[in-house]
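A short write-up of the structure that comes next.
Chain lettering (A, B, C, D and E) follows the sequence in which the chains are written, and residue indices restart at 1 in each chain.
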């Protein structure tokens, strides 16, 4: 396929994913609002917010790294998204899926955080490093069960190519990893809670503790980029989970439905619980989900 | 403010950090802000449209006005539906609500927070105390009129102004933003010396507590 | 309550006892016996809770009155202990060893009234005011209105009329004042 | 901390004996060593209760030293009252504590009445009791939202603050004011109850019961909330008198001291109520106790509504307030606010103006002496929860 | 960690489908409560500009400003409160204290603007969208910050007093006086209405501060007859009192009496600081004609200015109408003497039984005295001139009263009708009622007037007390004819009076001839006003003096006639009442002083 067309397709895909992510965030705000017994903002509010942040002027400077942070973060989000198929069998939404892209995707999940850490650390505000420390520690801990789950399904499907994994799950609900390897899915879904950073794992932003942590000094377009990335990264994660565990999607509505349902899982838990203390959160991931992850690997590998 | 006043003050008052070495100048937060000029008429109109619909309040309850911010932001009045949200850091907020009286110690933080906010930024002054001292007009520790220290876009009178008044204030602010008339930030930049002089007149110890940002 | 005060009398010189209510008494002590009295009240007579300590400025008499309000959980009664101290070079014994939170009041009094409590922790740290250069503001000779008008730019344009003067202006502007009684020496 | 290492507190206390190094009972802190960071939590910080700040020194995210800074809300009420007539004091004092202004109004009015020897009519006393108890409900609801919010659970705050708003509607109807009621004028109260008010209060009480039912399930029985609040900020019974701790915060540590029961004022002697105490004294205990007190207050509101007489004077005869002089004397009037003993010490010298009014805010020591002690050795993440669990109200400290 | 604690929180989702609590459109859906303390309203029809709101405002938020269209009237300063919403705290103390109930609050509460200067407005004058709101806060009837009820004045019971001439009103005791003084709002609206412009709030304040001497000094600044005025003043001030709008006015007159009563006569000089004035004199000698209130007032002020004053009085005792017109039960003679003796003690000489014009020609006075102040008063009765009024049993009230005071016998009929509704009519009614009571053991006297009861010029309490003393008051009738039978009076025919004044306010009564009334009587007393007697002015002088309308002497504002040494004042110029006389005397004294000073140079 022509590389240029591929690029155009990827661009369209990213745009759709970002918009979808933003709307998704908007919808989730709306749902939270209903839990709070209020009406809630319009679903397109995140888009307006991003336009607004881009319209702001940046008059502070904390050095180049500070400004590169959001860029790295965005790169991480895009990287995560770009290397996996969004809609199975679609040309436009196939992205740069290739053999071994699962590893690449997992690397990019990390990459964004690290980049952000470099940038935010330059901000000089003491809450930034605190937030970063929390974020990175928590990420390390939830990555463990997640990686175990990924290893488990890599063993199960004998591949590291997401497209192949999706393909293997086609042909009926019962082919989904959810039913073929439930332990791995449980481990992964619990780590998704941490990944989505909803309560009780919202350590990084934690407004009452370290007011919004790493991006505390971010503003203007840089904040806008971070916001965009949040949307893109959210949809990327959800698509990844959909692909790995819930049989992927063959068209856009299915994709939206499935990702939305996956997201609702974190929302469902998130609305009901307060935030963990950092060490509680770390311990949490290193206990049951990790055990389940190990179990799933053992089950898949030896049974 | 009258231009005559500004000229007199410019002549008489010197910025407190004048003549200090470069390193120490920062402590006084005397960096002159710059004006914000619109890039393009139509783009600016579009941005103003978006700005009016996405107002981020600085979560700093400076006075008793903060008490009505909570009902405003919670289920009964739900300001989120108007695109009003709270931000915990001044860097990201664009609306500063002065919740009534500002004590001597607070006005210092108000000025500092206001300066940290990135433009375009707007100020809503709540309650009588911000207009003419309110019931603390004779207090030794509260200022009388906030517009001497930072520019204000909308005044909401009342003590306390109810959440509904506050929503009306936001509506007024939105209209003003959309019409492109909210130039408080430019006013601050243009009359920086006047504002600084006023601030310095009451804040004797300009040096902030050793905050390491 | 009376019995407790009688026991206190054996320890220190109680200058005055006022019963405001059956559960609220005020006694006046001598300044130099205060710490001993409070210690006795707290440890032996079980007035465990120090509700507050405050000062009242008697500018005319050139005195500060310090009030220590203690409370007895068993008796369910308050006892206010008053002592008078000199207003110039005002200073009082610190009671932060009796109650852990007393330093907080002493710090406030140091700042708001200028009463020194030597030995009290952090007593000279600014408590409420920041960069305050005038006299301690709670002293009665500090005029807060004048200070506010001088410092904080009251909004101009306010002017009022006295109804009496206004009516005089409108109705009888030329009415003569009362004649001055002529002195013989004029 | 020594006493805490005993028996029932043992489970909650970590061993901090090794680090940081201690000298004379204080940690050795060298900021230049880069082992410690100084952080100003507040005044602009969503986690602090009101406009105050805590200067903390952290090692990692563990607090090794804390200092409270207040004064951001200082308006000099006491000074201002010295140049206001007696009648002009009651509108100004209610600003001392915004979430619960009525206690201030009551205390200052009652202090004037006490000094001037005025006895308020029976109905006025009942209306005041109703007002105070309603304000306790509103105050507790606000606090409950704050306690949940400090742990990052926004929903509870949304619910309770909205519910408080329904109570504010009632206040508005009863007093004419939403936040500042300015209802208890010296000598009595300003308005009779409007028509049908009783039914509307009872409706709101029922709604509140229903909401509290939900909250009990969602928040008080919440595994994570429990895990975070248990063992946080333990106050031992010895500390209570040492640090002048009052109200529910003291009662959670087992000190049975409720002014409404021990030294009943207004009509509290005619109401049935139980002294609520608890014995561990950690943040969860305090939360639960306050929750119980909230339920108790709702019950009291119902009791009061049944007992309010239909007819009667609502104000004792006052002299012309423009030149009202009160004979010389001093008094101390206290009332139980949501935070505990809220008292006014008033000295008059026989003139038109009070010689001295001192407001003993219930949380005067909670936010400074106590917080500074309890904040050490916890992590930043718990500071907000600790602060809220002490139920501090900064303007009470600096006034 | 129990499983229950993990499952239960998820019930948070239970109410997600319920209707949100959010108010859909808070700006239109949520008016304030019915008695919400919103923005201020002011009913200009009620507001009197007394400034109590300004006084009680603890935020100094209220200014009193003149407002277009609001005139200065008696009891209304024309000022209106302007409220600075940069100060207001909505405590509504201003509403609670407002003595007229003009100031209220609407339940509107939203006002935003980007100009901080606009939040200062005059409710009622500036057009606001809430100015006609009906809901909102107003003072509850159940509370009061001020006392609207006058402290009861003890009086002799009607049965104790209706035979004797002992003073009726007992006067306040200290406690009562303090309580009554405490009610004063210190607005000062009364001062303008008082003809002498006494500083009423100041002396009441001094009284409240228990500083009687200071209060007494303030009284003497503008009124040298406090004992007299404290009893029989027409107290126009009390109708102007702010409290009068919604309750009972401060008993200003009784307070004045209380103050004066507290100082014994021998301490007057000491308290007022006039001990050194006993043996004058420097400068000019001045003659005063008539020892009535105006003459005495002028004499007093001239005396303290250092002039040598001599009063010429036609009657055998001083006091003029105060002694010869007002019965003793209202104004005991010893109180008159107390005031006058003090004036005399300052060196003022009074020559009795000397009628100027008859005994000494007016021009002669000018030889000896630098200036003459003529305050001769109104001593001639005025007749209704109705048929039958020339009968010998028809008397003038003033004549009867004077004769009674002089100790002469006066005729007392069995059935008497008094024509007139003024204070003099009441005086003669009550005097005759007492005499009837003494003589016949019962009262049968009727007073009738043109004016209906609400506009009767007599003091309210005079009417009430007359009725208590069993006199009949029948206002609203115009006398038509005195029926004479056999040279004796049979009775008085009256017809209904519809209105007394026409649209321009001029005296022009209208009657309804169909409604008639007849009072049987054997004696009729006319008391419809008094006439002046200018016979003491010689004809030559009369030509020099410019005369004004209706036979009055034309004077300038200092009561100087066109003959520059002659000053004329008192009832013949303005009045008739004591306090006007006092005021005239005061002004004239200052004018004479000015005139003489100008002459010297």
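Simple rule for what comes next: a residue touches a chain if its C-beta (ideal position, glycine included) is under 8 Å from a C-beta of that chain, and two chains touch if they have at least 3 such contacts.
Treat the numbers as computed from the prediction; the structure is a model and nothing was measured.
Q: Counting hops between chains that touch, how far apart are subunit D and subunit E?
A: Counted as steps through touching chains, the separation is 1.
Q: Relative to the centroid of every protein C-alpha atom displayed, which chain's own C-alpha centroid is closest?
A: If we average C-alpha coordinates per chain, D lands closest to the whole-structure average.
Q: Please work out which of B-C and A-B is bridged by more C-beta pairs in contact, and write that pair.
A: Pair with the higher count of C-beta contacts: A-B.
Q: Considering only mean CA positions as chain centres, point out the chain farthest from subunit E.
A: Computed centres place A farthest from subunit E.
Q: Using mean C-alpha positions as chain centres, tell me how far subunit C is from subunit D in Å, no decimals.
A: The separation of the two C-alpha centroids amounts to 24 Å.
Q: What is the distance, in whole Å, between the centres of subunit A and subunit C, each centre taken as the mean of its C-alpha atoms?
A: 62
Q: With centres defined as the mean C-alpha position, give me the subunit C-subunit E separation in Å.
A: 47
Q: Distance from the CA centroid of subunit A to that of subunit D, rounded to the nearest Å?
A: 43
Q: Using the touch rule from the top of the page, what residues of subunit C touch 2 or more other chains?
A: Residue numbers touching two or more other chains: 128-130, 137, 142, 144-145, 155.
Q: Would you please write down the residue numbers of subunit E that are in contact with two or more other chains?
A: 9, 12, 15, 20-22, 32, 58, 84, 86, 89-90, 116
Q: Quick one: which residues in subunit A touch 2 or more of the other chains?
A: Subunit A, residues with two or more chain partners: 33, 35-39, 126, 207, 211, 271-273.
Q: What are all the chain pairs that meet the touch criterion?
A: A-B, A-D, A-E, B-C, B-D, B-E, C-D, C-E, D-E
Q: Could you list, by residue number, the parts of subunit A that touch subunit D in their complex?
A: By the definition above, subunit A touches subunit D via 32, 35-38, 126-127, 130, 133-134, 199-200, 202-203, 206-211, 271-280.
Q: Give the list of subunit B residues in touch with subunit A in this complex.
A: Where subunit B meets subunit A, its residues are 33-34, 36, 46-47, 50-51, 53-54, 56, 59, 74-76, 78, 80-83, 85, 87-89, 91-92, 94, 116, 118-120, 212-213.
Q: Considering only the defined contacts, which subunit C positions touch subunit E in the complex?
A: Per the stated touch rule, the residues are 155, 157-164, 166-168, 170-172, 174-176, 178-184, 186.
Q: Across the complex, what residues on subunit D touch subunit B?
A: Residues 38, 40, 43-46, 50-51, 55, 71-76, 79-80, 83, 91-92, 95, 98-99, 142, 145, 157-159, 161-162, 164-166, 168, 178-180, 395 of subunit D touch subunit B in their complex.
Q: Going by the contact rule at the top, pick out the subunit E residues touching subunit D in the complex.
A: Checking each residue of subunit E against subunit D gives 1-2, 4-6, 8-9, 11-12, 14-15, 21, 32-37, 52, 55-56, 58, 89-93, 96-97, 137, 140, 142-147, 179, 182-186, 205, 208.
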